[in-house]
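Contents: one structure, followed by commentary.
As written, the chains take the letters A, B, C, D, E, F, G, H, I, J, K and L, and residue 1 is the first residue of each chain.
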Amino acid sequence: MSNRTYRVTEIVGTSPEGIDQAIRNGIERAAKTLRHVDWFEVGQVRGQVKDGSVEHFQVSIKVGFRLEDD
Amino acid sequence: MSNRTYRVTEIVGTSPEGIDQAIRNGIERAAKTLRHVDWFEVGQVRGQVKDGSVEHFQVSIKVGFRLEDD
Amino acid sequence: MSNRTYRVTEIVGTSPEGIDQAIRNGIERAAKTLRHVDWFEVGQVRGQVKDGSVEHFQVSIKVGFRLEDD
Amino acid sequence: MSNRTYRVTEIVGTSPEGIDQAIRNGIERAAKTLRHVDWFEVGQVRGQVKDGSVEHFQVSIKVGFRLEDD
Amino acid sequence: MSNRTYRVTEIVGTSPEGIDQAIRNGIERAAKTLRHVDWFEVGQVRGQVKDGSVEHFQVSIKVGFRLEDD
Amino acid sequence: MSNRTYRVTEIVGTSPEGIDQAIRNGIERAAKTLRHVDWFEVGQVRGQVKDGSVEHFQVSIKVGFRLEDD
Amino acid sequence: MSNRTYRVTEIVGTSPEGIDQAIRNGIERAAKTLRHVDWFEVGQVRGQVKDGSVEHFQVSIKVGFRLEDD
Amino acid sequence: MSNRTYRVTEIVGTSPEGIDQAIRNGIERAAKTLRHVDWFEVGQVRGQVKDGSVEHFQVSIKVGFRLEDD
Amino acid sequence: MSNRTYRVTEIVGTSPEGIDQAIRNGIERAAKTLRHVDWFEVGQVRGQVKDGSVEHFQVSIKVGFRLEDD
Amino acid sequence: MSNRTYRVTEIVGTSPEGIDQAIRNGIERAAKTLRHVDWFEVGQVRGQVKDGSVEHFQVSIKVGFRLEDD
Amino acid sequence: MSNRTYRVTEIVGTSPEGIDQAIRNGIERAAKTLRHVDWFEVGQVRGQVKDGSVEHFQVSIKVGFRLEDD
Amino acid sequence: MSNRTYRVTEIVGTSPEGIDQAIRNGIERAAKTLRHVDWFEVGQVRGQVKDGSVEHFQVSIKVGFRLEDD
């Protein structure tokens, strides 16, 4: 309703499948320990290469969640 | 051929499926009212989270289209 | 073992399918001529539009590979 | 319901009073000709100085509004 | 005395009144659970619009606080 | 006099001659359909190469113009 | 009349009251020793916190002034 | 093995000796309370000056550590 | 010979002719009052528009010059 | 036809005449050893000053060229 | 006590030894002509190479000092 | 003498000792295969942590060298 405060925490989600899945993996892992996760914002996308192919994607994500008691 | 001018407009495409689809949705919606859409450039990728999972992706996109009469 | 030096080269991978596939295409092409490709980092994502739909995605990627003899 | 597309337009709001008021002035002016204005994002803050005092503030603002028919 | 380490956490403060108040609200809320809050740094300023007027301001703020035991 | 609002629109001006001319071409084209064009700001400068020479310059420009009725 | 040159100097204005006042304080102090101050541009906004509240705001400002004799 | 998630936290390490030592101090302090610290990334380097000499260096560092249970 | 210190000052050069000339004008004006000007670095390029044409270019330039006695 | 990969290499072109000519000089030199040069993108513009005048312009340019065999 | 204004000036410190020493050299040189130097902030780090080794480091530094009479 | 063209290549130098040494290692390795290396420019500084201490520093460096025949 009024003057809510949010906290933003940064995570890196990973996946061998692709960027979307790395984001989903990261968000779902973060939501296990954070309540009221509300939005995310993608930062840098990096990845590892092995034997000439993409092994996994690493997506840095800022995750916003509402603080309680405010 | 000569000295064409382009206009660039910014949109935000969304999709529950992923980033590629959010881009496609945004471009297709923009092309309904803009002629000569030629290229796009992805900006910030954000999204909403609900019940600990990604609800939808929001992709900010600059869309370039050629101006006529030039 | 120690004090390795890496080189970083920039490529643009493309695909009509999506961003992940453009990255994979670019990395696999780069790995044909570079040895010891180790990681990548995504830069700008752009694309071409034709008849109101995304024709292909163009993803600029920095590719890091270890230099030998060090 | 889903896959909404938004457009983002950039304006510069001005005010002799301060930054908040320059934002409010810009948003209210923009809302006269745009429907469904939903959010804004502040860019560069500049201003003019006259006789050694701030004459007015100029705040560049990106304004997002939902496109209809989607 | 020497070699202190600080932690920086990111919050988003909000207010219907303006940017200064959104910062104050965020800092005061953060200081309820963090000790030794020392400085802040403003990031992105965004906001929500309703019925053509600014409904509230959302100010992203990095908050620095000294870690104990060092 | 007071509290004027400006709109900023982005264009890409082009020219085979050089950057200054690409800017002039873009501004003159934009001024055909926009009234009260007041200032510009240069963004990214790109270009096409053909047979080993610059074929044309493409200069992205933000164009500011005053909105009427305010 | 033409081909004027401006100098840009960076200051940090401060105020316990808020960002607007910190800008006004900085500009007024700068104008005591600089002639022909013409415009300003806000950079980073930081501040000090004491006992869980904002103690003062620190606003970095680029100040432009016209050089004489040109 | 797969789909690990990392968290990134920001600290400021300090030292009167130099930048490398400020980084080492910060990392060692952070590792006292965080498990699985894996990598770091240097941000802004600032410092305090006293009597015309550098008193200490302040190095902002993002620290990445693996989350367990994933 | 060794450990020279340079100062960097920011100016805005202007010209109705184009960007190169605006840079030359600014550098030549700055060199009237600064000794040992050594290099420059171009920042933002802006300009004024009048009656639908570019009236003059404004080029922000960082100018580096060697300090004496060191 | 499809899934082409491009490489991007960075050069610095120079000229005593101006920015456009520095770009042309750099592109023409690069095209002597690179095939299929397709586009360029201007980065930082710097220069040397001698006796109070611009001695030469140095323009950093990213040059994109298509890789064969793909 | 209150509403102090600071000025920020940019210098480039150099040293054949390393980055820390280049910063110290620059700060000490600046402090010879500026009073109340209070803090610094490191910008770009560059350097010259000769015969395949680093000849000297050049560190761009913003130096903040308090203005008197405020 | 005139219109020289330079190439800029990006490397990552590493060292367990510190940032300066990582730069020196990278430059010396690069100079084994590149002629006329002239300057460098430091980008991102990262590193690996093991058992709570910095294991090695990784410094991304742009290396500029003059092209022959021009």
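In this text, contacts are C-beta pairs under 8 Å (C-beta built on N, C-alpha and C of every residue); 3 or more make two chains touch, one makes a residue touch a chain.
For reference, the UniProt names are A, B, C, D, E, F, G, H, I, J, K, L = Dodecin family protein.
Note that the structure is predicted; figures quoted are calculated from it, not measured.
Residue-numbered contact pairs of D-E overlap by over half with those of D-G, the repeat interface among C-J, G-I or D-G. Distance from the centre of chain L (Dodecin family protein) peaks at D, each centre being the average of the chain's Cα atoms. Centre to centre, using the average C-alpha position, chain B (Dodecin family protein) and chain L (Dodecin family protein) are separated by 38 Å. Distance from the chain B (Dodecin family protein) centre to the chain J (Dodecin family protein) centre is 30 Å, each centre being the mean of its Cα atoms.
For this pair, chain G (Dodecin family protein) with chain H (Dodecin family protein), the centres built from the Cα atoms lie 32 Å apart.
The residues of chain C (Dodecin family protein) that reach two or more other chains are 9-10, 19-20, 32, listed in rising order. All chain pairs that touch, listed by label, are A-B, A-C, A-E, A-H, B-C, B-D, B-F, C-J, C-L, D-E, D-F, D-G, E-G, E-H, F-I, F-J, G-I, G-K, H-K, H-L, I-J, I-K, J-L, K-L. Interface residues of chain G (Dodecin family protein) facing chain D (Dodecin family protein) in the complex, by the touch rule stated above, are 19-20, 23-24, 27-28, 31-32, 37-42, 63.
Per the touch definition, chain A (Dodecin family protein) reaches chain E (Dodecin family protein) in the complex via residues 2-10, 62, 64, 67, 69-70.
Remark: chain H (Dodecin family protein) residues 9-16, 25-26, 29-30, 32, 56, 60 touch chain E (Dodecin family protein) in the complex. Within the complex, the chain L (Dodecin family protein) residues that touch chain H (Dodecin family protein) are 17-20, 44-49, 52-54, 57.
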